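Here chain A shows up in two complexes: once beside chain B, once beside chain C.
== the complex of A and B ==
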């Protein structure tokens, strides 16, 4: 941890800030603060009291990427007193279309330092604390316990469940967002924070209450694979900052005592906001939807009655987040004679040792359009499976699957995909349909796909 | 004259989001006429709808991306008229005319 050593007169510790926030501090604003925050202070409901709560607050942003960058900008701009940022990655060129808190001149710098550089330019008043590391079950409690509110701006389910569990154990509200390709989601959880195990009455849910089990890994796509539109993830990050500012300015982040009357707020049954961005039609019928979610679940593993989740347990590796999120899936297991490495395929082709063959590339057409092996024909995996299924139901001949009509029944087929998984399934599918002609035609998987091709054959290949 | 109760259908809209639309002809909204009762004569509920969608509407053969062990797969939220299905009785909720049922895949990227 690298603590920002510059003086900040109002960066109290957590206990002091909680007290100040609850009582509504009565100090004067400095001239700079008055100028800087005037336009938001005059908004009904904010006022000087709300602004002082923000100044006395400590916010942790986990992830300095597509969500974290826009979220951090508005958090810093609004004058949150202490801002911690956690991220173990460095800035890459492919981040910049959406991670707008970084800069071309800072490629290679840690994301936390790059983002804090940008935030200081925007607002030098907050105290910025950088954690140039990934959040782990071992460091999570030490970091999160220092803050009043947590923003989940990460990109994988294992970390999302870890963050939520820690927020339950440490009684912190959690503003969680996610985004892939053309969709985004946002939800406020554990707000107002309530002690673990309290299930009587209406209490706010945690991430596990709403999303009990992670999806199987085979159905999950990352921004790196599926792509991501900058404004979509940006919109979700900005909305996260908006929710965080609302919670802190209204002092909703302060944990509720059992004896206290809990005021009716709509946060106890939170709204899941989903945003869908349609590249194909300019005017969609329902871009934003607000969905009503349930409250705290009695049987929840983390916050429910009789939960066995503890800080010590998490630190010692219980539960095992990686395992929880990576239930193994059965994949094709091809014999060695049905596989060839990218390098061996290339070498054989160069030497003229490969017979006339069909090279099927099963990546999405957007990936294929950026570059492919000479002579490859594109049949996207999803389309191929759909066609195969309709053939199995009795509609058409299996040779319809092959894009080249002139091929002879023993012309070998090589299959390549992005990273080598879909291609193995494709080989299996083609064999099931009898395209191997009882073994007369060889159908071969190119091991490791175009990723291996770039790594071992052509480093200049535009692999995404 | 045939017993009309067997041929009665319920008009509903079914929406897919978060990538699930890929399994349903890349269309995000489908207006369908759902049989009012299942095979055994019980009123159509969400479990019946899910089965109906798999049999009649899904174009992609990767059914495991939608159902696992005859239930909706983990990581998919089901919303009945914009409310989480657990507020409405989950699979047992009996479908009403003009209901909107939304299936949304939870996202993890960022």
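== the complex of A and C ==
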């Protein structure tokens, strides 16, 4: 084992509760506990000892949404003694198809309070601690240091990197899941927790070891934009709770001392579970893939040798998570004559002042199918870019991008998208392909997209 | 199940945004292919995929993580080569929840 003479922040991992959990306190179970947990206690490998470890454990669930709701239900049901929940949002109607710990009667309530209401009904025995706030670099250490294990149920890359870094610095195991549209991922990180800087191949990786760079913001889609199937995210949240219970019941969450011999069971390779749910093939096989991941990466920014990440640094804004996750992309900068507001477009059309034109709507076809401006033609942005790329490589004519009936080379083109970003890029792309015919054809962006249309023109428009 | 790749090919699976970018879940590519040439091979087929998807994705070969070397690195007799019949996967991070 590699010698490392640096100070390790074990102080955070040796709270009284952790020691009790390690030893599995030997108290009697109450009658209620005995009844309530009997069916899981008789499962081989759990027993009274495992149950007492759960009762003595403290779990932090960050995010009370599609992952956090199902995860929290099983964490509470299993009898984890102290459950902290962090979320700064309030319950909305569009959450309820998947965020099953909330209720129609609690729309408008903070998600944290709503979920705890639900969990108390399920199991009143645990202590519930609510943090009705977003996790930030400033509050993260104070909150996370109070717990034995962290569950990342959040919805954005910046928070994911922050949580992983804090778990490395505070020596906490991290059960991380994510899900969007039709696929989900689950991975157990930093477990058993090992001090920052120890790298000799057999230590568990952190989030940065697996995903070194965040995806560019333009390629990131949220559940609000791309959609999400309830059972897909639910499956990942439930699996997340399963992993957390396993870790706590077998005391794998205890930070490892440098000198300790590592039991064989701890050395299993970390696994990334991928779930793909194919809406198009209802009778196909279930697609779960378990991928073997590597260990801790020597050069990892957070946990690797020579890492400069510190608690003080994070609190002071170093690294800058927001900046790290929002690398600027080439935003089109169109002149005013190539832009028109949704309201102005509508007014001109109503007065008959608009010449014959093509209106391209670049939203995904599911969005388009819910409603569109009269006469709009759907060319989804992703497909348009692909086609544009192949035309640039010499495959086909640029007019293939346009609907067939509009063959006149000076018919103006208006482009509208969901919120007004893709449409600007589309205008740029069409110009690059020469579709403006040297300025003879006007190509115009509808500012603010269909969101602006709903806001300024038609409040009844079904915008998602 | 994914169909077996034809002779002289390997299967490549595209997850999450890799699937949206290529409009495919799976395809067969000619084998053998040195792993360090994987990204440039895909960039040729799907212009822009490197910056949008590949640079932040992880890659597995036959269900195990593989470290993709820099494609400008010189040829190395010990380098990983994707073989006929292998299953390669491109796995971008997913963030939502």
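Convention: the second predicted complex is superposed on the first by the 423 of 464 C-alpha atoms of A that agree within 3 Å, B and C clash if a C-alpha of one lies under 4 Å from a C-alpha of the other, contacts with A are read in each partner's own complex, and residues count from 1 in each chain.
Simple rule for what comes next: a contact is a pair of C-beta atoms (placed from the backbone, for glycine too) under 8 Å apart; a residue touches a chain by one contact, two chains touch by 3 or more.
No experiment lies behind these values; they were computed from the predicted model shown.
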item: Three-chain arrangement built on chain A, chain B and chain C clash or fit; value: clash
item: Which of chain B and chain C A:153 touches, first, second, both or neither; value: both
item: Which superposed partner A:457 touches (first chain B, second chain C, both, neither); value: neither
item: First, second, both or neither for A:168, with chain B first and chain C second; value: neither
item: Which of chain B and chain C A:389 touches, first, second, both or neither; value: both
item: Set of chain A residues, in rising order, touched by both chain B and chain C; value: 63, 65-68, 153-157, 160, 177-181, 183-185, 210-216, 218-223, 226, 228, 233, 272, 274, 276, 278, 285, 289-294, 382, 385-386, 389
item: In the complex, chain A residues that touch chain C; value: 63, 65-68, 153-157, 160, 177-181, 183-185, 210-216, 218-223, 226, 228, 233, 236-237, 272, 274, 276, 278, 285, 289-294, 382-383, 385-386, 389-390, 392-393
item: Chain A-touching residues of chain B, taken from the complex the two chains share; value: 15, 17-19, 22, 28-29, 59-62, 64-65, 68, 73-77, 79, 82-84, 86-87, 102, 104-110
item: Complex contacts: residues of chain C adjacent to chain A; value: 1, 15-17, 20-21, 23, 25, 46-48, 51-53, 55-56, 58, 60, 63-65, 67, 89, 91-97
item: Residue ranges of chain A in contact with chain B within the complex; value: 63, 65-68, 153-157, 160, 177-181, 183-185, 210-216, 218-223, 226, 228, 233, 272, 274, 276, 278, 284-286, 289-294, 297, 382, 385-386, 388-389
